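Just below sit the structures, each encoded as structure tokens.
There are two complexes below, and they share chain A, which is joined by chain B in the first and by chain C in the second.
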Partner chain A sequence: MSYGDVSRDITPARSRDLRVSGAIRKKAVGGAAKAALPAAPLLLFLLLFLVVPLLTILHSSVSDEQIAATLPETTAALQSWDGTGVPAAAVYGTLAGELRAADEAGTLRRLGRRVQYELEGGLGILLNASRALPEEALPGDAQAIRELMVGADPAWGKPGVWRILQRYDTPYSSFYLRWALGLPTVLDADGAVSDGPGYDFPTIYLRTVLISLAVTVLTVLIGYPVAYVIATSAGRTGAILLFLILLPFWTSLLVRVMSLIVVLQTNGVVNQLLTGMGLLGDPLSFLYTRPATIFAMTQIQLSFTVLPMLSVMRTIPADQLRGARSLGAGPIRAHATIFLPQAVPGIAAGSLLTFVMCLGFYITPELVGSPSDQMVGSFIAQFTSEDLNWGLAAALSVVLCAGAAILTLPLARRVRRHA
Partner chain B sequence: MIGAPKEVHVSLSGVLKTYDGQHYVVRDLDLEVYKGEFLTLLGPSGSGKTTTLMMLAGFEHPTDGAILLDGRPVHNIPPEKRNFGVVFQSYALFPHMTVAENVGYSLRVRGTAKDETARRVAGTLEAMRLSDFAQRYPTALSGGQQQRVALARALVFEPDLVLMDEPLGALDKRLREELQLEIRSIAERFGLTVIYVTHDQEEALTMSDRIAVFNNGYIQQIGPAEEIYSRPVNRFVAGFVGDNNGLDATVTSVEGDLAQARLRGGAEVVARTTSHTRAGAPATISIRPELIVPLKEARPGALSGTVSNVVYTGDQLRIYATLPGGDEVVVKRPTSATDVPTEIGAPVHLYWDPTSAWALDGQ
Partner chain C sequence: MSWTRLFDSGKLFGVSCLAALACAQPALSRDLTVVSYGGVTNETFEKVWLGPFTEETGISAVMDTWSGDLAKVRAMVESGNIVWDVMDATAEPIEIGCEQGLFEKVGDDPLFTEAGLIKGGLTECGIGSMTYATILAYKNGIFPEGPTAVTDIFDTETYPGKRGLRKSPVDALELALIADGVAVDDVYATLSTPEGVDRAFAKLDTIKDDIIWWEASAQPPQLLMSGQVVMSTSYNARAALAISNDNADLTMVWANNVTAIGFFGIPKGTENLEEAKKFIAFTLLPQVNAAFSDYQPYGPTVTAAGAFVKPDVLPNLPAGHIDEDSLVFDGGFWATQGDALIARFSSWVAQ
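And then the complex of A and B:
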């Protein structure tokens, strides 16, 4: 046998030069762009159905062109008014002309409703002025028109309505956002700040956050041990528990809430059980209470909290707990110092998901909660589909969105740092 | 430890383990571990060696039997109260703690004073040549460094016993060999009693004072490395520890501690007797490849065959020879050896000293 008689040194001189040439680098970068191509449909979808609607909502929350569009000359003329007393008679003439035009175009009531948002009785004040004007040609004398209008509604002789009209010579305003934030927005005829329009949005937001927090904490407390057992038990036990966690996804949310109503109602399963066992004399009303709302939402959100926790816990090797035990830590201490800290990103992710989803709940609180348990989502729905006050609905959404971002950003950063 | 009086440190007696109540994972295990010794549990996967280690560590509970530490039963004591250092195959380092925090964990849970903890951690890291990595996180370390951290963590609290479960299994060959020597020297320096689990027979031979060879839940043989290698008690041990030729044969006669046996091809060989050897019974003639001398010329007592293959491994030539009965025998010679038949198809005569072959249990 003979070895190596044909081998020779074939190492090229440049073999230690590991720098990448420009052309190769271009190829590598092009390759990265190509690799991202499969994500293009998703990005397009998100652009069309998430980014565009969000921008539309943002636009709606500051878009406020009703007054400027209907009364362009009046609002322009009011810019030179100093805001005390009432404007010059000529402005009454301009307004009368534009009110007449609006009446004929059918936009008068819409204008009136918009004015009413921030002026007590605003719709009536505008309609009264319109009705007071003669059917035929308007009098050429502005002073006469002024007297007609003040005669029809004394508000026209006061500064309140004029100050509001004066503000809106532009198509954008912060009015709806101020309203959604609970800042004073409503004036009376004298121009003084009046009581709000019957909605205490700061309280509603606070309630939304508190209910969401309660649900989040409950799902973590209930879900953590379950996730731990699933993550650490091999074979059937874990599989069965995971199946139970996923089971609720098979039925609609509405069905689950309805079945809760059946269980919780005055002569429902729980009450019959308690009275039947003699623990209760008279059935309790569980339904339409804050606890019922929290309970129902917890039940719905449990899986959403458990799954992210579970996926993180699964990555924690069992040997680490054994290691901690062998180093002298008891089972509880080993869990608290080794398992729990590593599960934190999962807890944060699960909590984040549930908290943000809870902020948007509205059907469940409406079905099982009392009127004082309604969350901001209910009001957004109401202003969108019943009151047709889209500006306010959009502003409430924007405030909710911004608030959620501010509240969850620290948690989200934590999740990302660990991911 | 050689020459020192042997003091039993840990003993397992009559230990049984079954998970399903039908199959034993470990059965009738009697084992005594001496103070300061390096004992390796060697065996294929599923042989019960890891289960034995886990019972020692306290993560598994024996179904029956007792585990004693210095004569006191420990099998009902939870792992955290045993004061045993455990090194896992996965290292099981805590990824959210720095190297120093990992190593100091055992001292912190024992409530050791802060400065004392810092001092002992620094000392152990120093001894392990890890001082530069104290503030790093385990994921920033190489496999070998992680392994040393795991070892440091298991030693810093001065355990009564160190248990290692295939600690080098995830490393590449060169690093493994380096760490084998390092672990061995640390064990000697600290005077540790180590029970080491591996399926790598070379590793077991390199590191151990004694080796316990496991198969099917039983200890097949226990003894010093050279004894396990040169005097295997049965076919399994001979085949599992080191390369080996096992030739099926029938014992024709027994004379003193030598037996005459007939191979399948009719050739007669001589080998030392074992407890399995009985005249007329089947046997496996076991001979290590490096103890066979391949000759070009025939001589009395040599088996004749033909060269079927020759493999060059750098330091050795492996010559595969086929015997008339169809048995294949492998022979190892140093590459420097001359006068070795290396032509495929050439006749070869295999000679060995009868006292280096063993008549073990037959098929």
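And then the complex of A and C:
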């Protein structure tokens, strides 16, 4: 759908619909069955591709069956252990058998990776134990197995690894969510909470919110005058400006970011221009920095902020401004008291749209930012497709969704009230 | 409004999940698919290996590109929809994947045991494809006297400016230790201790703000030529080709280089297992094996191939630069300790 066509012959009632995209929901729920029928394909689509994936993600953020599935008897046997010292020798025998089975099934290493998420060096500890077991039949004497395992890795003589295995006799846990929230989750071999190096997710979330906020503010500051000019100017100027705003919509995001790289790089257009004019001695290294990230995102999001503002501003009658002026208000006062308050719902809708979209950015920061500018979306992508840690990726998404809801709900209410 | 937008961010994630699985397309009877890192390397593969192989055997073969991460192979093997048959990779994904049962254990096949591979060129799942080195390339004309060793990348005083480094703990940690004074022979022993790992990261910390990270092997010459960095680690062939083919004004530094063997692996369960083995065996024929270096200076993996390497290529091949200062990459080390180091590295790099 082209925004431009709609906003041209806009009526106040329709502009409200545009502002509040929840109108779809309103129609479906509030309207009669007659109205619901045409919306049925949409509802079905939402159910299949929105609600179901969301529930799947919610499920995988708490589903944690790796340990219980690979070591069912060990985790069951550990339930009667009191958590101090080490478990009885028989448990070592059970574990040895299950490690052997996991090794043969090719799941040992995956189990090790899972244990390593919350135990320092966990993968090595499991691999060492498995390698220490004799090639042929396991010794019948559990005590001998215990000595073999402790000899292979001293961690087996300490409680840390056993406490972790003990926790997972159920297929669900809050582990990934705790991890995503930045709560201490990693134990060392002694079972004490370890402060070893790990992902600092709270900082990454804070960074995501701050970058999104900066971009939102910038797009409003830059977009407001543009929207005002388009809304108030008749004829050609407005049309041309609107065309310029819509132009980026027809260009692939990747192409736009790549062209920004060409423009911004050390030997790029901007630097050559500035050094060529003698304004700069040495070229600036602007690419791969936080400002470059914000700059690129602002450029991408500008139209998303402008269009909702524009659709609202178009409904503000120009007569009112003229009336205010004729009653003696200066241009600034007339604008601030008459125009601006009526434009607020548009500003709110535009900034809400941009803010929430920014929270999910990851390709742009990856291309023009440094590793320390990466937003949470990059990490979700990394854990999904590189590390294959889908539990953590899902938990990060759940926290992001919940956080976005908490942050944007007040603003969303404001949009609804004005509408 | 916010709820619809929120749902969208959820949907975005769902879509990216689907994208991750997108490689799992239904497979009909496929052509033999060989996978490498893309760009010039893939072109060379087609020219010297795939083309002649098809001519010789009548088996048609195509190239595809991957970035070296195992996730795709794992998704492929676990879903049973295998679309890649021969993977050309660095040692660590092959070793790690081998232990996870993602690659066929063909190392004891007489096709390969009797091919005359160089020492270390044959593992349980990996068959040597080529030798390569991580070297340092710098742009001429910036420093009065350029860096003289790969480890000079850590010397920001003598050589200020941004430097390119591969966004991976592989090579970076080894080089950090050598730069910090660890003897080449002790690097992996030191890196096996927690103190050694801390020491390597501490050394990396000293230049963290000056690093521009690269991921694709085609990037270092581009970063150097666009002036984004003054020096960068690079695979030897990429830098050599940039100099010879694109007239890049670069110098390659070999001292303290990290020499490694690349491997072929066969994803477990492929329907083209026999063809894949045949293809790999074909690349091990001495003359065919050496032909790769005609186009790209990556070295042969078969001892007998040495006789077929063109003399003017020799100085650009890793074999001529293995000395007491160079490190021989230990894929086995990365297979056992890699997971923890990679996790620590990726959280370190994002801070």
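Everything below uses one rule, namely that the second predicted complex is superposed on the first by the 386 of 419 C-alpha atoms of A that agree within 3 Å, B and C clash if a C-alpha of one lies under 4 Å from a C-alpha of the other, contacts with A are read in each partner's own complex, and residues count from 1 in each chain.
Convention: contacts are C-beta pairs under 8 Å (C-beta built on N, C-alpha and C of every residue); 3 or more make two chains touch, one makes a residue touch a chain.
Just so you know, these numbers come straight off a predicted model, no measurement behind them.
Novice: Here chain A is shared; do chain B and chain C fit on it together or clash?
Specialist: After superposition on chain A, chain B vs chain C: fit, no clash.
Novice: Per the contact definition in the header, classify A:123: touching chain B only (first), chain C only (second), both, or neither.
Specialist: A:123 sits against chain C, while chain B stays out of touch.
Novice: Once chain A of both complexes is superposed, is A:330 in touch with chain B (first), chain C (second), both, or neither?
Specialist: The answer is first: A:330 touches chain B but not chain C.
Novice: On chain A, which partner's contacts cover more residues, chain B's or chain C's?
Specialist: Partner with more touched residues of chain A: C.
Novice: Contacts for A:79 in the overlay, against chain B (first) and chain C (second): which applies, first, second, both or neither?
Specialist: Once the two structures are laid over each other on A, A:79 reaches no partner at all.
Novice: In the overlaid three-chain picture, which partner chain does A:322 touch, first (chain B) or second (chain C), both, or neither?
Specialist: A:322 sits against chain B, while chain C stays out of touch.
Novice: Could you look at A:342 and tell me whether it touches chain B, chain C, both or neither (first, second, both, neither)?
Specialist: Only chain B; A:342 stays clear of chain C.
Novice: Check the superposed model and tell me the shortest C-alpha distance between chain B and chain C, rounded to whole Å.
Specialist: Result, nearest C-alpha distance in the overlay: 22 Å.
Novice: Once the two structures are fitted together, what part of chain A is touched by chain B and by chain C alike?
Specialist: No residue sits in both footprints.
Novice: Which positions of chain C touch chain A when the two form their complex?
Specialist: Touching chain A from chain C are residues 1-14, 16-17, 19-20, 69, 71-72, 74-75, 96, 99-101, 162, 167, 201, 212-213, 226-228, 336-337, 339-340, 343-344, 346-351.
Novice: Could you pull out which chain A residues touch chain B in their complex?
Specialist: Residues in contact with chain B: 1, 3, 317, 319-320, 322-331, 333-334, 337-338, 341-342.
Novice: Spell out the part of chain B that touches chain A in their complex, as residue ranges.
Specialist: It is residues 57-59, 78-86, 88-90, 92-96, 105-106, 109-110, 153-154, 157, 163, 310, 312, 342 of chain B that touch chain A.
Novice: Taking the touch rule as given, give the residues of chain A at its contact with chain C in the complex, in rising order.
Specialist: Those in contact with chain C are residues 19-22, 24-25, 46, 49-51, 53-54, 56-57, 106, 109-110, 112-113, 116, 121, 123-124, 127, 197-200, 203-204, 265-268, 283, 285, 287-288, 349, 352-353, 356-357, 359-360, 370-372, 374, 379-382, 384-388, 390, 393, 397, 400-401, 404-405, 408-409, 411-412, 415-416.
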